[in-house]
Structures are given as C-alpha cells and as structure tokens.
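Labels for the chains are A, B, C and D, by order of writing; each one numbers its residues from 1.
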Amino acid sequence: MDTFHDIRVAAWEANRSLPHHGLVTFSFGNVSVLDRERGVFAIKPSGVPYESLLADDLVVVDLDGRVVAGSMRPSSDTPTHAVLYREFVNVGAIAHTHSTYAVAWAQALRAIPVYGTTHADHLPTPVPCTPIMEDDRILGDYEAETGRLIVETFLDEGLAPEDVQMVLVGGHGPFTWGPTGPAAVYHSAMLEEIARMAWLTESLEPGARSLKSTLVDRHFGRKHGPDAYYGQP
Amino acid sequence: MDTFHDIRVAAWEANRSLPHHGLVTFSFGNVSVLDRERGVFAIKPSGVPYESLLADDLVVVDLDGRVVAGSMRPSSDTPTHAVLYREFVNVGAIAHTHSTYAVAWAQALRAIPVYGTTHADHLPTPVPCTPIMEDDRILGDYEAETGRLIVETFLDEGLAPEDVQMVLVGGHGPFTWGPTGPAAVYHSAMLEEIARMAWLTESLEPGARSLKSTLVDRHFGRKHGPDAYYGQP
Amino acid sequence: MDTFHDIRVAAWEANRSLPHHGLVTFSFGNVSVLDRERGVFAIKPSGVPYESLLADDLVVVDLDGRVVAGSMRPSSDTPTHAVLYREFVNVGAIAHTHSTYAVAWAQALRAIPVYGTTHADHLPTPVPCTPIMEDDRILGDYEAETGRLIVETFLDEGLAPEDVQMVLVGGHGPFTWGPTGPAAVYHSAMLEEIARMAWLTESLEPGARSLKSTLVDRHFGRKHGPDAYYGQP
Amino acid sequence: MDTFHDIRVAAWEANRSLPHHGLVTFSFGNVSVLDRERGVFAIKPSGVPYESLLADDLVVVDLDGRVVAGSMRPSSDTPTHAVLYREFVNVGAIAHTHSTYAVAWAQALRAIPVYGTTHADHLPTPVPCTPIMEDDRILGDYEAETGRLIVETFLDEGLAPEDVQMVLVGGHGPFTWGPTGPAAVYHSAMLEEIARMAWLTESLEPGARSLKSTLVDRHFGRKHGPDAYYGQP
C-alpha cells in the first residue's frame, strides 16, 4: 500500500489542472503538495507530458530534496520547492508555470504594480520580482539558490508569504503557493490575469498610478483577515 | 413552493452564461435579476464557483439589501446592485464582471471614446468611468457608495441609464445592466469587445479621433428609438 | 418547392461558418450569396442569432434590394450588398463582420500595409480603407451609400475587385467577397489574421517598411493568375 | 504495398498536429519527414486543408525535390525543405507555419533576443532572422533560394542547426526542425510562445536587456548536451 497516496493524488490533480487553466503547454511547469508532519512532498516527474501523467508517477521527496519514493526523476525545480517549504512554514503547496504574461513581467525584471481591485483582492502589495542571480550562485546549486533568492526578496521587502502568495523570478517566471494544491494553482491563474490586466493598463495609460492604499486595504480586507466578509461563513 | 422561483432561475441562467462568454473565471462576477413589483432581486451567493451553482443557491434580497430568502450570504457587491435598482428605475437586471479589457480601461481611469460603429450601435456616448472614491466613503458603506458613485457620474455627465447601459468603476471594473438578465450579460460582452477594439485602435493610431456625431446618431438610431430599423419588427 | 433553395442553403452555410471561425458573436455580421443569372441574392435576416438560424430564414432580395422571397426583414446592410453586386460584376458572395483586428484598423482610418508574404499570398496591395462618409450621405440612403463609398475607393485607387477581395469601411469594419460563400468567408478570416500580424509588426518595429514589390508579385503570382503553381491543378 | 508508409504516416501525423496546436488555419503550413537512408521525404500536398488530409495524400520527394511517389502536387515550399535536408545533415523533419507572433518578428525583420529562461531552455542564441532576398534570386528558383538563404544565415552567424532548430525568414515566417516530426512541430509551438513572450517583454520594458550568458548557458545545459539533467534518463 502506498503510504503517500494522499499527497500523490493531490499533487497529480493540481498538476493536471494547470493545462486546464491554460497555464502550461507540453511538459512545462510543475506543482508539489506537502505533508508537513512527515516532512515530504509529492512533485511532478521531470519532462513528463501532462496528458500521460499518472498519480503513481509523482515523486515523493523530503525537505532536503532527496527522493523518498517513486521510480522517476523529480522535476529539476525540486530544490526550489524544498527551500520554499523549509523557509515559508505555512505553505502547503507550490506551483511553477511559464504562463505568458507573468513571464513577460519577469523577463522585463519588473514587479507588477497594484493597478486595481482585482489585484488588491488577492494581495496588498505589488507582485515582487527577484533580481537576476549572481554568477557564482548560477554556477553552484542553481535551483536551491532560486529558492533562496525568493526568500531573500521577501525578507528585503518585508513581505509575509501568507499575504503575498506569488513571486516573479527575474528573467525566468512565476512561483505561487497556498495552503493546498488548488490554492497554489488558483494563485498561478490569478497572477496571470493580474499580469495581463496590468500590461494593458500601462498600454492605455503610460503614466498609470497605483491604487491608493485605502482602496487596496478595503479590498484585501474584504477577503482576508479577521474582518473578511467575502464568501460563505 | 418557492415564490421567487422565476427570478432565481433567471438570475441563475444569467450567472451561468458569464463563463460561457469568457467574462469570468473561478467565482468572480455576479448577475442579479429584479422583480420590481415586489421590490426584490435574486443575486449570486458570495464566492461560489459557477460550475457548482444551483438555482436554489441564489439569494433573494430587497432594495435595502436585506436578505428575504436563501440560506447563503449574497454577493458582497449586493449593496451596489440595490442602489442601482433604486435609482435607475427602468433597470431589470445588473451584471458585474472583471473582464480583462474593460478592467484595463477602468484601471487606467479612462472613459472609452466612441471610435467606431460597433460602439455606436450600442450607446451614443463614451463608456463613462467614475473617479476614484474619496477615502471617507471607502471606509464607510463601501459597496453602497460604489452604487452612489455610479449614479453621481450619470448625473454629472447628463447620461440616461436607458441609453448608456454600462459603466466603468475607476480602479475596479465594469457594471452593466438592461431590462432582462440576458440583456445585462449581453452588455457585459459587448463592453468587453468595445474596450478591446478601442485599445487596439489607439495602439494603431495614438491620435485617433472619435467618430463624428452624424455617424454615431445614425448607428445608434438604427437600433434604438422610434426610427429603429434593425432586427425583426 | 423553394426555387431559391440553392442560394439559401449556400448563404445559410456561409453565415453559420462565421462564428465557427471566431469572426462574429451574437447576431453581428452577415453573408449573402448571389444567383447572378436571376439577379437575386440570399442574405441573413436582421438581428437573428447564428445558433437559431435556419436555411428557410434567409431572405431573397433583388439587386435593387427589394425582398423577393422570405417572411423576415433582411439584414440592415442589404443595400450595401446590392450595390457591390451591381458594380463588382464578378463577385458571387459577400461577407461582413465586426472582427476585432480588422475593425481596429478601420477605426484608426488606416489601410493595412503589405508587411509580409501572408498578406501578399492573398492580395497585391494594401487592404484599402474608405474615408469617413460625408454628412449628407449618412443622413440619406446610408447603407447604399456605404456600398458606393467602397466602389469609389476602388476606382480612386485603381483597384480590381477580382484581385483585392476585401476592404475596410472607415470607422466601421470589413467587407470581403469572392466567387462563392466559402471564399468570401475565407477572405474575412484571412483579413483578420493579416490585420493582427500587421498590428504586431508595427508594435515590434514602429518604422516597419512594406514588402518590396518583387516579393509581393512573386507570392501573389504563386497563387493567382496564369503562372500560379500553388494548390492542385 | 506502400514502401513509404512509415514516413507518410509520420508526416501525416505531424501535419495534423499543426492545427491542434493553433499554429495554422485553413491549408497554411506544412511538415515533412525524412528517410535519410533512402534520400526521400514525405511532405504535405499543396493547398489541401488539414481536416481532409489522408496519409496516402502525402507526396514522397527526393532531395532534389523530384516526386518519387504520390499523385498530388507537393507543397510549393518543397524545394526549401530539400535544400535544408541536404545542408543540415542531422535534421529528420521540418515544419513551416505562418504562426502569428513568429510571423510578426519576421515581418519586422528582427531576430528574437534571449529575454528569459523559456527561450534559453530551447536555444542558446537569439532566434535568427534572414535578410530580405535579393531580386534576382526572388525571380529565379525562389523556394530553393529560401533554403539557401537560411543556410547562409546560419553560416554567417556561426550557428549550429543542432542547437538552433528554428529560423525566421525575413518578411515571410518561421521554419523549424528536429530529429523527428513531433520535435519539429514542438519547435514551431515553442517559437510561437517565445515570440509572444519577447514581444510582451519589450512592450513592458522598451529597453529590455538580454539574459546574461551564465544564465543562458545554465538553462540550455540543463536540457541539452552531456551534462543535461532535465527529463527522464
């Protein structure tokens, strides 16, 4: 009996939902789901197309990135996921895509400003963008360094990963997370939409200004925190 | 027996048609349908995904926004709908989406100029855009204030809600309406298309000029008013 | 027995293919198919959605725009079709859409330059764009004047409607034609793609130059005229 | 018995996958698959729509472009394929499309800079763009000259067709290749996505800079060459 059945199925379902939302093509992207008590997560095997992916193909890895179960090689981005799970202690699942609009902002090395309430409904700050990595780190343990770069960016900018559940890795693309697989994938989809709306906003109004903080706080507060009144109780 | 069956089913069908037209994803957006004689409207419950929405889930609310029937919490935008129904006395249904191109104009805080006959076929003026709300109103009864801001914008600009059946709330997104649920949703879809065409027009010709009034009036008059000759008698 | 069965079915099929190619939504757009010997054409009834359109709904009209058969009111653009059939004597079918990118060029009042071989495969000149109509003609027989404006533009620019099977009506949108219904619709689809490619080309290279005539002639000649060698003999 | 059954079926499947990936409409584009031992390749017949294409319709041609088997006329681009197979000795299949974003870069006469890791995962240099062909070559054996222009561009820029499996023909559009039919089509799809991301990147950041070589090499090396660690062993 597979003692990792739960997280394998959860990660398999989350991975399969990426192409459904138009976030990946071919074998791009990956989602992992964590069992924090046991200190292991299930992640997509490297380079396997979504349509032929089986739940049993998911690879189970510990928080040092060592394979615990599974016969396939895990995603090459596995060390990035491992670092994020170690450092962001309330994260339960992580998604990585190369979705078009989010990648464009990452390639432009730009954080996404808060231009409207669609953005503020999901996070109270710009979507952060890491700087380009230094050469010695690229030549070293590159994928783990990608995770560290994300963590450093959150520390530098004073961001809480519980409020800001998405990031752009400069020159690369987005990572998003949440308490569950569907939440991580939902944040990938919303980031893509926010990225597209912000691009169009600047195209229509080159000097567009960020939404004022009163409005940002009102919208973020409607959905998050003690005074939230959106959704069902 | 459900005495609100008619408006619940009408609102349910209208809400379900939003994702069909590509106007919403996940649980974004909402449509309501009014029974003006009884002074109540049916509206989507807050935060429920469209694919799992049942007609019985629709919440029935009076024109002060008080729940009259239904076990779920109504959309957080309910007070906006209530104000619009009170002030715009010929409106029978209201739709709110976060459709991409309309939101981009709203985030750019710009009314959409009349650049062509596709626009003029539907309304004889630019699509109005409200200013950003003052802080004390944001901190107060925010959703009702959103409705009042729309009404003020129509008064300030001398617009008739029977002719101009759509508006952009600055920094937020579109609200549209009509005599029926399908009409309100149709206006959401047309607004999105008008917004996209106008963005492309400016991209091709930064100094694009609005359509002259003779042509606007001819096209609007083909479809609306006493001399209309479009459609079947 | 319906003596107009052939053109009604041909026009019905061509109209139904418009939404299939993503060229129209709701009841926008119309296609007509001509029987030149009898001097009549079948055209979409005004304001009827494509999904509920039946072949028997098609209205048969003579070249003066008078209804010959059918119980519905024909498209409000019928007089435009009639003028084009009278003046462009080799045209067998006409399509009118509000497709997004073609409309954007029409709203920008710009002809579409020949930027590449995809364009030159289909026509050897820019896609012409009519000027905005004078007020007295707008206030007169507007739809027939739209047809005359197209014919005048072809005369002024020395264009042959057998080579250039598409036009933009300034401030409005595209009309395309061909010997048959499928050909007219095909030209609507290709115009939309040409319009999109040309917009992107200018976005990437604001000073983009038109393709030189040697290359235009080579590509147009591959598919058209006595030396054509594209397709099956 | 058809001794060319294998390459015909392989080329048929590859051609049929082009519309599936949104890379062609109508009869545009073509894929060929080579049997290098026998010195023949199977290619799409000219001007045949994808939905009615049968495996037996594929035309078998030798490396001088002479028809060896098949009753239809081969794609008018056949001489381009033949030149590329003769000169690029490790290529096993070639795809040609008029996909929108790749064509736009070709029409802008611009190579696509390496703006991010999605690009670097697939090739270590910009996507090359040939210059516009000289008049005497256009008037001569045009399609073979297109192949020679591609080969010259690779020689001039010192590119290896094993590493850079795609090219833009200036004013025309993309050709891509690979060891197999699916690989050639995959490169067409990735080129289109790379082209779209790069366009958006410049739109967001007009002075965008190319990714530094350390990062390009790391990503290209993850997937290609002796130290590759992406995918399954």
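By our rule, a contact is a pair of C-beta atoms (placed from the backbone, for glycine too) under 8 Å apart; a residue touches a chain by one contact, two chains touch by 3 or more.
Remember, predicted model here, so these are calculated numbers, not experimental data.
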Note: chains that touch chain A and chain D both are none
Comparing which residue numbers chain A and chain B contribute to their contact, where sharing over half means same and under half means different, the two sides are different
Relative to chain C, the most remote chain by C-alpha centroid is chain A
Here the gap between chain B and chain D, centre to centre from mean Cα coordinates and rounded to Å, is 47
So, in whole Å, the Cα centroid of chain B is separated from that of chain C by 33
Chain C touches at least 2 other chains through residues 203
So the complete set of touching chain pairs is A-B, A-D, B-C, C-D
In the complex, the residues of chain C that touch chain D are 21, 115-118, 186, 189-190, 193, 196-198, 200-201, 203-205, 208, 211-212, 214-215, 218, 222, 229-233
Given the complex, residues on chain A that touch chain D span 25-26, 28, 45-48, 72-73, 76, 98, 100-101, 103-110, 132-133, 135, 138-139, 142, 171-173, 199, 202-203
